[in-house]
Amino acid sequence: MDPDGIDRRGFLALTGGALICTIAGQEVVADEGKIDVEGLSTQVKVPPKVAAADWRGGEPGIRRLASLGPGGQTREYWIAAEPVEWNIVPTHRDQMTAQKVKYGKTKFAAYGYRAYSAGFKAPLGEASVPGPLIEAEVGDTVVVHFRNKLKAPVTMHPHGIFYANEMDGAYKGKWTDPGGFVQTNRTFTYVWEAQEGTEGTWLYHDHGPMDPLPIFKGLFGPLVIRARGEARPDSEFFLGFHTWDPSITGLKTTYYCVNGKAYAGNTPTLEAHVGQRVAFHVYGVDNFFHTFHLHGHRWKEPDGRIADNKTFGPADSFRVEFTEDNPGRWFYHCHVFQHLHQGMNGWYLVS
Amino acid sequence: MDPDGIDRRGFLALTGGALICTIAGQEVVADEGKIDVEGLSTQVKVPPKVAAADWRGGEPGIRRLASLGPGGQTREYWIAAEPVEWNIVPTHRDQMTAQKVKYGKTKFAAYGYRAYSAGFKAPLGEASVPGPLIEAEVGDTVVVHFRNKLKAPVTMHPHGIFYANEMDGAYKGKWTDPGGFVQTNRTFTYVWEAQEGTEGTWLYHDHGPMDPLPIFKGLFGPLVIRARGEARPDSEFFLGFHTWDPSITGLKTTYYCVNGKAYAGNTPTLEAHVGQRVAFHVYGVDNFFHTFHLHGHRWKEPDGRIADNKTFGPADSFRVEFTEDNPGRWFYHCHVFQHLHQGMNGWYLVS
Amino acid sequence: MDPDGIDRRGFLALTGGALICTIAGQEVVADEGKIDVEGLSTQVKVPPKVAAADWRGGEPGIRRLASLGPGGQTREYWIAAEPVEWNIVPTHRDQMTAQKVKYGKTKFAAYGYRAYSAGFKAPLGEASVPGPLIEAEVGDTVVVHFRNKLKAPVTMHPHGIFYANEMDGAYKGKWTDPGGFVQTNRTFTYVWEAQEGTEGTWLYHDHGPMDPLPIFKGLFGPLVIRARGEARPDSEFFLGFHTWDPSITGLKTTYYCVNGKAYAGNTPTLEAHVGQRVAFHVYGVDNFFHTFHLHGHRWKEPDGRIADNKTFGPADSFRVEFTEDNPGRWFYHCHVFQHLHQGMNGWYLVS
């Protein structure tokens, strides 16, 4: 803008954070069209402990399991990271405003986590955004056999649950453990422990060397740890608030989404009945701050305040619970008006 | 910016959210000068239930009232939405920095809610931003006779208080009830119920088919529900934090405001005395996150923490209470420095 | 962008808040290169009470001290505001991503608060960003002898602690007290009182006539008020989350920082041992909202919720405490991915 001032990238960084990250010394900038995550990833060096690890049989996971004392149940998951063709606005319409969504193509090549049966024998559904729900009760051990079927190294990093250092699924440069850099076609076994004091609604996401690009392409999902023996709500919903950025999708606009979809009629249409105990588990996983607002309802916060709207940031996660008492067709939405109007809204139908 | 990249609107959306909304398929973009809300509104179709409704006598409201059991008091309001010439910086000065505010004209054609005496016989003051305070105690029924005197369909949508589905004042495309699309010169009677568990500081705002444009032009106001028999604070203040955007006002800058005004000496100058029980009721109603900060004072949060600054987002609302113990000339302000310096500050005078 | 629309500054204000403030009628805009704070400051008029004050011997402070009843300890500090050459990324590397930080020069002329021994006899270290920790227990009186060695008027304004009106260190235009406009080479004595109900983690910062520029150049620091006799944690860390803006530094990018530094290996590397009681004191002091996230750990919020990530805004401050139970090399970071990847991350090493 100003020939004597800072350059275009600096300007972008100033005016809204268009510099997403730097990978292997290359800046990834939000307005430069579609980012080639796989291409970039070939320039990232394999960390020494990753190269030296014995990758047969998920050894670190098995060692960790052997070292644990007796506890609750062991909950075992087989999850792969896979490419998935994703349609953000399948109906091409916004039911909130009764109009067509105008930005052309709404499909792109996303990444998703996908659940499999034991031993990766058979998929239990499609790869999806968000990935499968991981559930535990306090006292349980969660074992996730994670296979990377993408052409870039990725991981699984959980929030809230206890994990030993080498189980954090985080890339740490030269200190990276094998679970922080899972290469194409490798399988790593994460062992996480739902110790006392970890109960809550959480999320998991990639935290590998390409972070945040794989997250922005869809690699995140919900995790819930319940108190031991806690009754499950009659209806419960897990809602990830996030954005699809044009630099990631190659599409023409930014979509503000719930669970990968934008605009009412495409985002999850939630259903409940009067008299039910209902829980909304909400988390954020983009660069923005959002609010969770629900029409016609309110709830008690842990501090005793009554609320019908709640601010949260990236990786914040929380649970809203109430007994359903109000039938009808209701909106849930982010109350940042711009986000609401770029897709972050959906229906909650109570009969 | 980049001929091979996304277009200008996409760029704007990326770099700060300049795309406000899409109405009847037309994008409303923040840098395109003054938006013609009335003109745009002629292109929005009247929803079927709205067209078919019997608009004589506020029927839906009367039906709802008849169905309610005996409760507390019925509190009846007559409120109209009206055009109002609004001056954001009447003094053209910022007393915080002792300087002239430089952006030229500070008046524009806003929208305001206006209170009337029973039956809309006489106005009880000017239309204003924010609109009149709506008050109730737990157990009360609030009846709002709402008349639209604007040339675009608008509504009243409350937070916090209980309302049946057809009383939510929200446009819902083809499912819109009459209260969600009140056309020019029509009157709709909203019935809202301050049930147990709705106590708190809330807001109300337009949620009609032109949302968020009428809100950004001034259609919002405070709502408070007190515990039954609760003593009122000795001094209390209702403060809406919001922004006037150039695309709405046609003016040369964005004003960061409290109750429609920008810069100390224009924003409300609040007054209290040592020894008084004081309450600040604060809410946000724009696209931004703010903080409420008060010099020389602090308060206990519901969770027991002591605070002198509090983050809140769009449609968050809360109450800060303390016993006044510190005389002098104090600032209240948003602690986002940019917002503070574009007008979001005011005086609190304690004698 | 649009010749018929608003001008460039208005555009910048819209698209990300590049207008920082207006000083003496001159707009300070974020993309216009390095701001001349000293030059601008010569155009700000000295307020009448400041010009008329007797500046010998910190009179207002001594008067205030004399008026206080007997209490706890008086804790006396000698602190100067000074220029300091500051290196944001001394290693020029980011250990989180194992890569070089590419934006050239990382040094600039910052401002820092610097602690001195009694009577300003000898410095107790370098001027630094943040400034020295100010500590008190409930019941104590904090006396800060503040000397301005910068070429622009600055102040010290505390959060949380009690202070009488003339001790707030805030510029208030024509109502400014001497403590709100401390000119070059002058010394002002602030008296602040850690009354009952002020306990917590807080911050202090400049709030003089050039605000927020001196803050953005480094004039802020931590303040903690403990309960009387409260045991200190075994390890505790004070972490200010903030940004260095190119308009302030003259450097080529925005750095998202913790305690003045950007990128793991440059930001504070924190250390603790298993079994220790650990406290993180966190505050924000820029235009942005952040989150505090710590890998491998979680804590109980005052409302009873368990969290491993917490949203906070400018001037919010809080304390996270837990007993250390998890050895290893961990990250702490802001979970806004863009901030994380522009430097807001660091190491927490547990042995």
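The first chain written gets the first letter, and so on, giving A, B and C; residue counts start at 1 in each chain.
Here is the rule we go by: contacts are C-beta pairs under 8 Å (C-beta built on N, C-alpha and C of every residue); 3 or more make two chains touch, one makes a residue touch a chain.
Small disclaimer: the values here were computed from a predicted structure and weren't measured.
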- Message: Considering only chains that satisfy the touch condition with subunit A, which of them also satisfy it with subunit B?
- Response: C
- Query: Does the subunit A and subunit C pair touch with the same residues on each side or with different residues, judged by whether over half of the numbers are shared?
  - Reply: different
- How far is the middle of subunit A from the middle of subunit C, if each middle is the mean of its Cα atoms, in Å? 33
- Per-residue overlap in subunit A, given as positions that touch at least 2 other chains: 15-16, 289, 301-303, 311
- Residue ranges of subunit B touching subunit C (in the complex, touch as defined): 8, 12, 15-16, 18, 30-33, 94-100, 102, 245-246, 252-254, 289-291, 293, 295-296, 298, 300-311, 326-331, 335-338, 340-342
- Item | Residue ranges of subunit A touching subunit C (in the complex, touch as defined) | 1-2, 4-7, 9-11, 13-17, 19-25, 27, 45, 47, 159-160, 162-166, 168, 170-175, 197-200, 202, 209, 211-212, 215-216, 286-287, 289, 301-303, 311-318
